[in-house]
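Next come two complexes built around chain A: one with chain B, the other with chain C.
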Partner chain A sequence: MNEIKTQRPLAGKRILVGKPGLDGHDIGAKIVALTLRDAGAEVIYTGLRRTPQQIAQVAVDEGVDAVGLSILSGSHKELVADVLAQLRALTAGNIKVFVGGTIPRADQALLREMGVAAVFTADMPLDVVVAELAHQLS
Partner chain B sequence: MNSKPLDRHALGQALTRLANASTSDLMRSPQRTLALSAARRIGLTGAPGAGKSTLAGYLALHRAPGRRLGILAIDPSSPRSGGAILGDRIRMDELKGVSQLYIRSIGSRSASDGLSDNLPEMLDLMDEFEFNEVLLETVGVGQVEYAARVQVDTLVLLLLPESGDVVQAMKAGIMEMADIFVINKADLPGAQKMASDIKRISSLARHDEGSWRPSVLLASSSKPESIAALSEEIDRHQAWLDLNDRRKVLRQQRARYRLRRLIERRAGEVIARQDPSFFEAPMVQQLDLALQQIGRKS
Partner chain C sequence: MNMREKPAVVREPVMTSVSRSGIPVPASVDAGAVHPENIGQPGEYPFTRGIFPDGYNGRLWTIRQYSGFGTAEESNERYKFLLAQGQTGLSVALDLPTQCGYDPTHPMARPEIGKVGVSLSNLSEAEILFQGLDLSKISTSFTINGTAAIIYAMYLAVADKQGVPREKLTGTIQNDILKEYVARGTWIFPVRPSMRLIADSILYSNDVSPRFNAISIAGAHVRDAGATAAEEMAYTLANGLAYVEELRRRGGDVEKFAKRLSFFFYVHMDFFDEIAKFRAGRRLWARLMKERYGVKDPKAQHFRFGVVCGGSSLVAPQPYNNVVRVAVETMAAVFGGAQSIFTCALDEAFQIPTEFSAELAVRTQQILAFESGIGRTVDPLGGSYFVEQHTDCMEEMITKVMSEIDAYGGVIPAIEDGWMQLRLAERGLERKLDADAGKNVIVGQNFFKKENEEIGVRELFTLDPTVAQRALEKFQRVLDTRQQSAVDVALTKLSAAAAKDRENVMPYLIDCCHAYATVGEMVSCLKNQWGEFKEPVNL
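Here is the complex of A and B:
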């Protein structure tokens, strides 16, 4: 069984990949979604331009273990704060939130202080992203 | 209408637990008593790209007023990684007013019959949460994945105009199983001809006395009246089921399917974990050992 575990570090996990806000670039979100699928996760992809409220409600309905937000618009502070607040309002503050995209280094620590589990940037190898998620969701 | 508001958080969590339940978990879980006011179950099936998700969204919005309605949408799991991209709801979430509906995406996991592992149990859970109606969207199917037939009361098969020679319709399999045929995306050329071809084939088929004659409809998501017509036809079929006492038969068929799937999955797990040397023993011995392990509760 060990062999299966190392090949599929995210087996049985449900992860929502969402794009809040107005930026229309989702190739990054799609690559991450496919990577998570190949690591064994069930990925619910929301499509473009969802409101934080929609993303939080879908996360609750789908019973996910984690939410990944892809944000390239520069509005990450506002959007992330909003998603976290909406999740708490739906008594789902226990769902881990990850953020990926163009996040300046100075803002990464800020997002983590707000309650984000980890921040991923484009220069990170995808293996590192999978390993971090597997660690945080185990 | 329902006594208390839907606890979407509790339902979301419970369905996730159920999706991950092993065969051992299922064998240990107590037998659920059949709910008195079980939800009507409507299945939407058809080839990949036939428009199942979009039609499910429109149909759900049309039927939701005054009801607690949920959608269970199944997408295929990767046989290699076990993971899945569950994207059916993208189409639905774009529809106005859909946030009031409960939509749940499901990975097929080890099932290859158009449904998913533990689906009978998930449908029971929808009954426990007092849904009046559940729309079940299957994986995109070919000709032989017709397990949805017994899981739902009314099975709707979506076909596309010019999606095949009429001979395709004469083949056995899913074509024999549907209660309602829908030629979807009916604004495309060839829809009318497809509908009359299906009608002709269907009228030639042998029907037992008193059995339901499948109807053939045209639908297009840009034509609200075609959604309303489909909804009415579903109601007509549901009334026919009641009038002809068909629900008892369906319940019996569901119980058979549930046990068969449990044993199949269990057998798959047991066979997968044997060492290569296991298969060198005489077949009778292999069978004895495997059956023992299949019956064991933990």
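Here is the complex of A and C:
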């Protein structure tokens, strides 16, 4: 992690971390937000209970490079599909969308087919998460 | 996966001489570590050794599995299955719309109906949920907070309908809003009116359903989010004291209401940290009750608690290892003197448990309870040089964290300002970095990994995709068949009661339930009077 702090691989990137839906488990979102900031990104965190429409709007208004969605309630398919649709509706389909949370393996493939850039789960090291974001956003 | 994985490095884990809570653990401890005056006898003040003189001989811990999903019909079936397996209490999981106070028809609710628990939008669903279950015989625990008073009102209304006297009801509503603001997120109203609602429900319950626990002050969620065992206990005791103060402000008699306060914790993998945490917490609470509030009745000094074993200590890689983790944690809970135990299923880290994994979790407890004999003698570790020393160190650490919260001005300002939330997030990050760096060994995740491992178990749980549609249809039928004028009257009276600071809203909530008012309608009424919590988002 010290490598991340010194090399700042996400310097210059703006990233929105969002909690769509009613899921209140926000520690993962906060850990990732703090980590991305340590990696040099400018991070905006939405707080709890945002609608997909609100998240897409903030992403566009803030001109972010990527949106990270944290979902642990099992509603990832519906909520992610909705966020992707709302971004496209705002002609912002180019913004990369990442998903983190309790996502069963089969659904991870499904989310990537829907257009999600990568899916992260709790057992993944944070430097792997940062490296993947840096690669995708380069 | 095309993640930027680094090549696996073969490493051997190192045993550290510091516990997960940060307490130094020497290789050997001698007799000088034991201070008998701190320990006492089982069933006697300060209850370090347990609240009952005979431990589990008088009564085994309650085997209580958290369960509930889909519609009331499906959950009712699962409850009957679990009771037939020998489970002794029900624990109801509710879906997020019910927990956050939205009806199934609300746009926020749609994708979440029946997902993490059962949808309980109005009395008719509760009637189905408890059909064929005698509420005078079973004890029911609800993991409900933001809408706890409403769900309690609904439970009383079901009992009324079944003809069960309210005073016979046993069970628990979690009803602990403070930790929701910090770690679990199902808050609705601002902190202060929420405290009032909780006091209303506790005071009402003490009078009409005296065997029912109207609050379970929970450290489990801050723990799972990143707090250490010592911090978990410290936050929980501090929250407990905040409720005591609110109840006293409302005219409650601590000698009476303290008997019905109960607590709820996680058990993770540092075996002796967990045992010491419970022994120290029990002693601290008894002292606070006696010394700060002059409580005389030992029952009102008792620190009664349930636990959940597993949670974030369980991981997705090599999931069958989780069975072993849960067994170790359950032993710690028993040596700590827990009154009820919930064992997580092995697949809980990534899905709703299947019947297979849910049954295995119950069997784990039954094997420990009936085969191993670990519960025969009360507090069998009492007097151990190491355990007593570790308990003393744990107590010191808990007290230190509590004084930091006091120094900030207490839990309510600490939460309103987002201070506790930020502190916890930083701690969560620290724990994650320690795991990533291999400082905390997690077998199968950061050590002893298998290459190209397929994560998951053979049997997968699948939720019926028609759940939401069926819930919506039933909901519409209730709206069509109920007597609207009765609903309107009940809701108007609820609003009026909520507007008065000293009026107890419980009787009005019960009337609303009987009239088939919905959870969303009742919550809207209260929101109109009290407003909504504004989450401090300061990272």
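FYI, the second predicted complex is superposed on the first by the 132 of 138 C-alpha atoms of A that agree within 3 Å, B and C clash if a C-alpha of one lies under 4 Å from a C-alpha of the other, contacts with A are read in each partner's own complex, and residues count from 1 in each chain.
Basically, a residue touches a chain if its C-beta (ideal position, glycine included) is under 8 Å from a C-beta of that chain, and two chains touch if they have at least 3 such contacts.
Being a predicted model, the structure only gives us computed values, none of them experimental.
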{"item": "Fit or clash - chain C, chain B, common chain A", "value": "fit"}
{"item": "Which superposed partner A:79 touches (first chain B, second chain C, both, neither)", "value": "second"}
{"item": "Contacts of A:33 with chain B and chain C, given as first, second, both or neither", "value": "both"}
{"item": "Partner chain(s) touched by A:123 [first = chain B, second = chain C, both, neither]", "value": "second"}
{"item": "Partner chain(s) touched by A:42 [first = chain B, second = chain C, both, neither]", "value": "first"}
{"item": "Vertex chain A, arms to chain B and chain C (CA centres, degrees, nearest 10)", "value": "100"}
{"item": "First (chain B), second (chain C), both or neither touched by A:132", "value": "second"}
{"item": "First, second, both or neither for A:104, with chain B first and chain C second", "value": "second"}
{"item": "First, second, both or neither for A:25, with chain B first and chain C second", "value": "second"}
{"item": "Minimum C-alpha spacing, chains overlaid - chain B and chain C, in Å", "value": "5"}
{"item": "Doubly contacted residues of chain A, that is, touched by chain B and again by chain C", "value": "33-34, 37, 43, 45-47"}
{"item": "Touching residues (chain side chain A, partner chain C) in the complex", "value": "1, 21-27, 30-31, 33-35, 37, 43, 45-49, 51, 73-75, 78-79, 82, 102, 104-106, 118, 121-128, 131-132, 135"}
{"item": "Residue ranges of chain B in contact with chain A within the complex", "value": "8-9, 11-16, 19-20, 77-78, 80-87, 89-90, 93-94, 99, 102-105, 107"}
{"item": "Residue ranges of chain C touching chain A (in the complex, touch as defined)", "value": "3-6, 96-97, 99-100, 102, 107-112, 115-116, 180, 183-187, 224-226, 312, 315-317, 349-352, 424-426, 428-429, 432-433, 436-437, 445, 454-456, 460, 463, 535, 537, 539"}
{"item": "Sites on chain A touched by chain B in the complex", "value": "7-8, 10-12, 14, 33-34, 36-47, 50, 54, 57-58, 60-65, 90-92"}
